[in-house]
Structure formats: structure tokens, C-alpha cells
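Handing you a structure now.
Letters A, B, C and D mark the chains in the order given here, with residues in each chain numbered from 1 onward.
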């Protein structure tokens, strides 16, 4: 191992240790809540990044997959008594199947059109959640009983959620890292960079994007299930409305699309802004944090097209095998 | 379904569609000329509704008269938006093309929330309160049909302006210049056309049109910071159905979606009606990307370009 | 190696290729010439599966390929480069080549090993870690060849890999092409620079207005009145007697 | 004083230099042709002159004014009109609308009707199709339209890029007939053409471009006799 690689490993270990140990010293639920949100959104943005960042197919419909996860595990638990540990996988499978169907139908569309089609898809999902009352209870939402129990994935303290969130985040980062360093990742990126050249080099483009879509939507659903278990109450506005799709894309873009750590860095930057503003202003200035989100998004698009992490990486870890 | 009810639904649908047509034309114009999807289009509509609301509320200016102010105002707003934000995205990577206007929509929506709160605001005009009663037409087997005055005015002005704009694009010299630029910008440049100016103008006109639509809608709809979001989705449907970039297509598709919405609202219930046309929307995108009603949409132009090479 | 029979291609009612028939034998270097707009690149697009010919047949190593997709044709050992180079611009030169190698190699490590060998072969090792977009035209052309080479082709279609090069770069590219023949790769080459194509080809095929007008050894093709006419105009041939 | 004087023009695409120290002149009323093999840099030269390219150095004097670095639409406004390669008509506009767009510059906009009449006289076939979408015309007709559209701008110097490209021989002959007619109208013409003999017979003087350098120049008949010409094309 050369010197640079040693340094990178040390930084990585320090980073993981920091996020694993810090919650133990934070006694304030308000800040623990912040950690959970960072992990949830970082993981979700990472899932979006797989198809939209690496694959270059910009999705504005990932709210649907997140919501499918949340509703599937919650409904299975409430109606059938199925443990969320199982229910979350059911949600993931459903999301993956729907994601693949959506991909088969829409991947032939080019950039703008694909974004619009996924936007419509996400909107259909959210309308269904709102109006299929027999299934989802509509706007009234679904409440999970608060009886802490590991088998029901309901933890007595926030710390449980923090570590499960961290686990999900690490899983997404590992999967992304693995994809980036696999044939699938190479082919995805080749396709994004130039479809004709990729095909001329023997890259079976349709297949790789469908796999990426399945992984991306399944992960989104898993995170959605977890988020539902954390909220213990879900309704269309908290788990499936369209703004969720926009927000997840925004985090990933600002952090840096097509990189392993970028989307997480995006969440790491944005969530504290929200928490800080909420603490300082309460609900005095509603929407202010979103104005700031939008402003940062545009500034990054204009002046840091690779995102904040993309830029830092180019400067400090140009050829690192770990920081991607 | 009785024939009276049927006629009533058709008329309501067409009246609704007139508004959709007018508000979508700007969006299709902007896409046709500079290949940018303006995700913030609905937020400009929302601003326009607020402008008319505040002019009515504080200065007692009739919404229909407020157009005199909002037309130049939104033209300038459009120009500035182009110069500050949109110009940088032309030729930029797809992510920037999509998310700069998404960012703009987030900013405008939440600024509205900051300044005006989430309150629902309405303008009610005494002279519009009584509906028009048309009929009965015993010859056609129809009983009385009720027509909402504000909707009728919005439809009438909306369609007239849409047609006027269509004729402007078809027959005026500037209209021809804009169309030429949208088809081949390099050659337009060689003809002495200042592309940047055409883009500025097109964007400003697109926003101006939505400015007018806002004034026509405020007597009908309540305005709140999120109203743009509701309408922009319908506008996307209309624009895609009409063939992206086709003005005539957007007009026909606007009317069509109005009728579909009223009927599905009646038959399936008002909540699920949106789901119907979003499904139609996805189907059209996939199977006929040049639109159902487009004369010649984006896709066809690309084909022509491909052959030209 | 390649047997093309009666292929045609129309764009909006205009024939761009018309009843083209020819053969390429194993180990040959065949040149494809013709004035601008003659249909050369279109022919490459048909052979590599980007366009479909409505008529005729294309047999490669005895197998019918005219209905296959570009990616499958490539995996069968027929690879092409693009006249307008299409590097993966945000990837390094190395990764560009790795992607080419991955369609044939089992794993990343093997593909990386092969990519390094190929970069060495095309003398681009010093550019290994530069992003594709930062390359000069000469290097982009070289990268096109390197990537195609990484797919282990039996037949390689080179579309104007020498256009826009300065004399020095040109010499390097000619050397490279010669090395490819030594590796036993059959080449089908579109080239505008006549000295070059006459020098490297065993046989030349000339197209004009989508028709195959002449086929044979370089010397014969260069003196063929039909070819001269296609390039210099009817009157030139008449004037020179 | 010549109408167009190009001195030491260097043009690059990205890092690659495509034109090297190109110098040439076009006198008022002259017809000058640039010939040379494919990819010799002919189209690049015209694109540089009309302001479409960024990496250009040297000097371009047009009508005793430095125009290098000016945006393309301003250069068109000065009367230097470029009919681009590959016809490039506006496919969804009608023939007449295409011509009207040709008269965009301030210099002719006021006289649009008169210009239209003049151009229809030279191109009667276009008048027959004036309401038809330009994209539906045949290749030859599109080429006529592209040239006619250039004439609508009342050019002081008309640059035409490869007018015979992709046309059947009979249409090539027709194109050159049209060019002869335009020549009679005292329009100065700078032509890029690969049909060497026709082009050289048609023009007063010509430059041979080879790998981005001017390697030969002279009057048409002189060049036709020069054995170097065949070498420049056929590499023999």
C-alpha cells in the first residue's frame, strides 16, 4: 500500500468512527434526529445517484419508490402482522419490479423526456396513495403502534434508529462502491458518456440500465421502509409527495453526482442547514430553508458542475481508489 | 348520462381547456426555441395570479384590467430570468438544463410562502357571481346549460390570445425569425440573426403569456404559493400531448385535456382524475413522442436534422 | 471474413447506398474511398449494425449479422471507430480502453491488464490518466483505435483515423495501422488522404453516390476513369485525355 | 484595394490547428474559388470568415474593416454572406419564408418585396414552390433555395460552400448555370468546391488548399494545367 492509499484508509476509518461514536456522546434527541435524517437522506440520495448519476437517466419520480417501501412494510405489518424486517424486503422487490417496468417503457426516451415521464410516474403514485383510501387511508395516514420491539423494528431510543440509519447508509455506499468497480458500473458510465460509442464497443446498454434501475429503486424502498418505522406515522405528504423526488436529486447534485460519497456529502451539508434554521427561527419564516436549497442548487450547477464532493475529490484525492 | 349533462360537461371541459391552452403556449414556445423545459413555469403563473390579486386587493384594479400592468411586468421578468439564469444553461449538461429551472421553481415558490404565507386568497367579482344560463334548446333535446361567467371570459380571451399568438408566429416577420432560429441556429446566425436576442425575446414572451393567464385565472381559482405546482403538471401534459414546441398542438391539447379532466372528474371522482391524464401522458411520451396533436414536433425536426447530416 | 451482398440504404426516399456487394478476405487491408457524401460512413453504419439494410445480407465469419445490434456485432469480433471521435469524455484514457476490453474479458483486473498492454501498443501510456475530453484530435483518433482494439476484433473498421493530423502524427498513425495488420487483424479503412490509403491498402473499393464504382488494387483504382471522374469531374478526365 | 483580404489566418479546433497562415484576397467583382481535397480545411476557412469559430488569429479585412472577432450576425450585417455546406434550409418554413429570413439584415429589410421579385426571377422554380415546406424539396431545389436565400441578403461578397455536394451530375450542371447568372449580377463570389474543373472554369482565380495551407494559386486555366493539382487530390 502506498502512502496516499494509507492516508485514504486512515481518513475513511476516522470518518466511520466519527459517525459511529459521536451519537454516543450526544444526549440531545434534537441532534440525534439530525443524524438519522442525514443518514436517511444520504442513503436515499445515494440510491438515486445509481441510476441518475452513474446512469445519467435523471429521475424525478423516486418519491414513488421511497413511498412504495414505506407503505408496503407498514401495511404488511398493520394488516398481516408481518415484521417490518420482512416487509421492507417485500417493498424492495415490488419497487424493483416497478422500476424495471418503468425502465423498459421509458429508457428509450431521451433526457428531458425521461425526466418528464418519471415526474408523471411519481405524481401518479402520489395521487394513488392519496386517493386509494381502502388501501392507504388517504391523507389520514397510517399509524404504527408505539411498542418498542426489535422484531417490529421499533426501537426504544433514537440511538437504535441512528445505528440502523448508519447501517443503511454504509450499505448504500458499499453497493455504490461495488457497482463503480464492477462491469456494471463501467458500462453504465460508458452509456452515460456516449451511447453510440458504448454500443460500438459491445456494451449491452439496455440490460445494464435495467439492473441499475432495479438496484436504485429497491434501495430507495428499503430506506422508505426504515423511514416509516422511524416516523411511526406515514401519510402521502411525508413519504411519497413529489417534492421528495426533487429534494433527493438536489442533495445528490449539490454533493456530486456519479461519485460514491457525493450524495452523502450533499445530505451532510443540507440537513444541518435545515436543523439550524429550524432551531433559530422555529416556524417564523416558513420556506426559508427551501429558498436557500434552491439558491445553493443553482450556484452549484453554475459554478461547480461536479458538485462539492466532486470538486474536493479532484483536488485532494485525484486518483484515490477509495474516495470515488 | 343525459344529453344535457353531456353537453354541460363538454362545455365546462372546453372552457377549462382554454385556460390550459393559453398557459401552456409559453412553455411550448420556450421549449421549441431553446430546448429548455421550464420547470418554473407554474411558479411564474402563481406570481401572475398574486400580482393580479394584490392589484385588486390594494388598488382595486379589476383583474382583467391588471393585465395592462402584468403584461409589461412579466415581459421584463422573463427577460431578466433569461439573462440571469437561462442563458447559462443553453448547451450546458442535461443536469443543469433540468435543475436550474427546478431550482428557480423552488426559490420562487418558497419566497411566495415567506412573503405571503400559505393562506388561500381569492378575488371575487360581483359582476361575475351570477352564472350565464344558456338554452334550453328543445330542438337539440337540451335543457338549460349553466356557464360560469369568469370561466367563459377566461376561455374567450384565452383562446383569442392563443389564436392571435399563433397567427403572430405564423405570419409576422419576428415570428418567422423565431421559428427559423428554433430549426437551425447556426444558419440563422449566418443570416444575421442575433440568436441571444431571439432567445431573450422568446423567453420573455413565454413568461408574458403566463402573466396574462394568471390575470384570467385569479377570478376563478384561489391563489397560494403551491398553486403553480398544480398547474405546471397539467401544462406538461398539454405540451407533450401537443408535440413539444408546437403552438397549435398545445391549443388543441389544452382543450382536449380540459374535456378529459371534466369527464374523468365526473365519472371517476375529482381526486383521481389527474392520475388518468398522467397515464395518458406517459403513454404518449413513450409511443408518440412527437405528440398527439403536434403538426411537427421536436422529434420530427430531429429526424430531419439527422437526414441532413 | 466478410461477405456483403446487395445492401441498400435509403434516407427519406433518397438512396444513400445502392446494391453494394463485396468481400473482404482474412488478413487483408481494404481501403474505402469516394468523395464527400458518397456513402462511406453510411456503409460502416450498416456493417456495424447502427443502420439496418432492408435488402441483401451481411455474413461475417460465415454468420449472418445484418439483423444484429451493434453491441452483439462487436462481441462477434467486428468493431468500428467513429470519424467524429466519441471519447467517454469524463473518463480517463485508461478507463476508456478498459470499457472496450470489458466486453471480452471476464473481470476488471484482466481488462485493466489488457488496457495497459494496448495503451503501450498504441503509445499512449503517458496519457493514461488524462480525461478523454482533454485530448488533441490526434490522441482522440488514437484512443478510438485503442478502444476498438481492446474488444479483440477480427475485423476492424477504421473511419478516417488520419484526418486532421499533422505530418508527424500522420506518420505515427500509419505505423500504428501497419502494426495492427501484423497482429493479424483484418482492416477495412475509410481514408481521404490518398497517399496514405494507396500505400497501406491491398485492395481498394471506391464509392460514388452510393454506388460501388470500382474495386481492385490501388494503382488500378487510382487510374480508373470512373474514380477520377468522381473526384475531379468529368471534364478533367476529358481534358487530360 | 481588395474587398476581402485575409492575412496569416490560423484556426484551431480545440488544441488542433486546422488552418495555417492562410492568406488570400478577393477583389471587388471577382469570382474566386478554393479547391482542395476533403478535409483540407476549406469549410473551416469559410466558417472562420463568417465568425462562427472562436479560435482564430491573424487578420480578416472586409470592405476595409477588420472583422476578425466580430460575432457572426454582425458580419452578415456588413454584407459578407455565407451559404453553408449541406444546404441547411429551415425545413419547416416555406420556401418563401426561407427567402424572407434571408433578408433579415437591416441593409435589405426595407426592400424585401423588391428583393423577392429579383430572386424569383433568377430562380423561377422556387417561385413555383413558394408555399411548400423547404424540407420537402428535392436536394437540388434545396441547394437552389440556400443560394437564393443568400442572395436575398444583397451580399457584397457571397461565400458558397460546396454547392454541388451530393447532387446528381445533371443538377451539378444546373447549379453552375445558376452561379453563372449570379456572376452576371456583379456579385463578388468566394466559392468552395470539390468539382475542380467546373469550379476552375467558372472562376477568375483560385487557391489550392492542402492540409490547411495554401499550396498553389493562380487563374483557373493555369491551375488546370498544373500537374500538381492531381497530386493534391489523388495523392499520386
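Just so we're on the same page, contacts are C-beta pairs under 8 Å (C-beta built on N, C-alpha and C of every residue); 3 or more make two chains touch, one makes a residue touch a chain.
If you're wondering where the values come from, they're calculated on a predicted model, not measured in any experiment.
Peer 1: Starting at chain A, find the fewest moves between touching chains needed to arrive at chain B.
Peer 2: Graph distance in the chain contact network comes out at 1.
Peer 1: Look at all chain centres (mean of CA atoms) and spot the one farthest from the centre of chain C.
Peer 2: The most remote chain is B.
Peer 1: Taking each chain's centre as the mean of its CA atoms, how far is chain B from chain D in angstrom?
Peer 2: 43
Peer 1: Using CA atom averages as chain centres, what separation in Å is found between chain A and chain D?
Peer 2: Roughly 55 Å, centre to centre.
Peer 1: Distance from the CA centroid of chain B to that of chain C, rounded to the nearest Å?
Peer 2: 49
Peer 1: If we count contacts the way the header does, which residues on chain D are in touch with chain B in the complex?
Peer 2: Going by the criterion above, the answer is residues 50, 52, 71-74, 76-77, 81-82, 84, 86-88, 90-93, 97-98, 100-102, 104-105, 135, 149, 153.
Peer 1: Can you list the chain C residues touching chain A in their complex?
Peer 2: For chain C paired with chain A, touching residues are 48, 50, 69-72, 74-75, 79-82, 86-91, 95, 98-100, 102-104, 107-108, 129, 132, 147-148, 150-151.
Peer 1: Touching chain D in the complex: which residues of chain B?
Peer 2: 173, 176-177, 179-180, 183-184, 186-195, 296, 301, 304, 308-309
Peer 1: What does chain D use to touch chain C in their complex?
Peer 2: 13-18, 37-39, 139, 162, 165-166, 168-169, 194-198, 201, 211, 224, 230, 233-236
Peer 1: In the complex of these two chains, what residues of chain A are touching chain C?
Peer 2: 181-183, 186-187, 189-190, 193-194, 196-205, 258, 319
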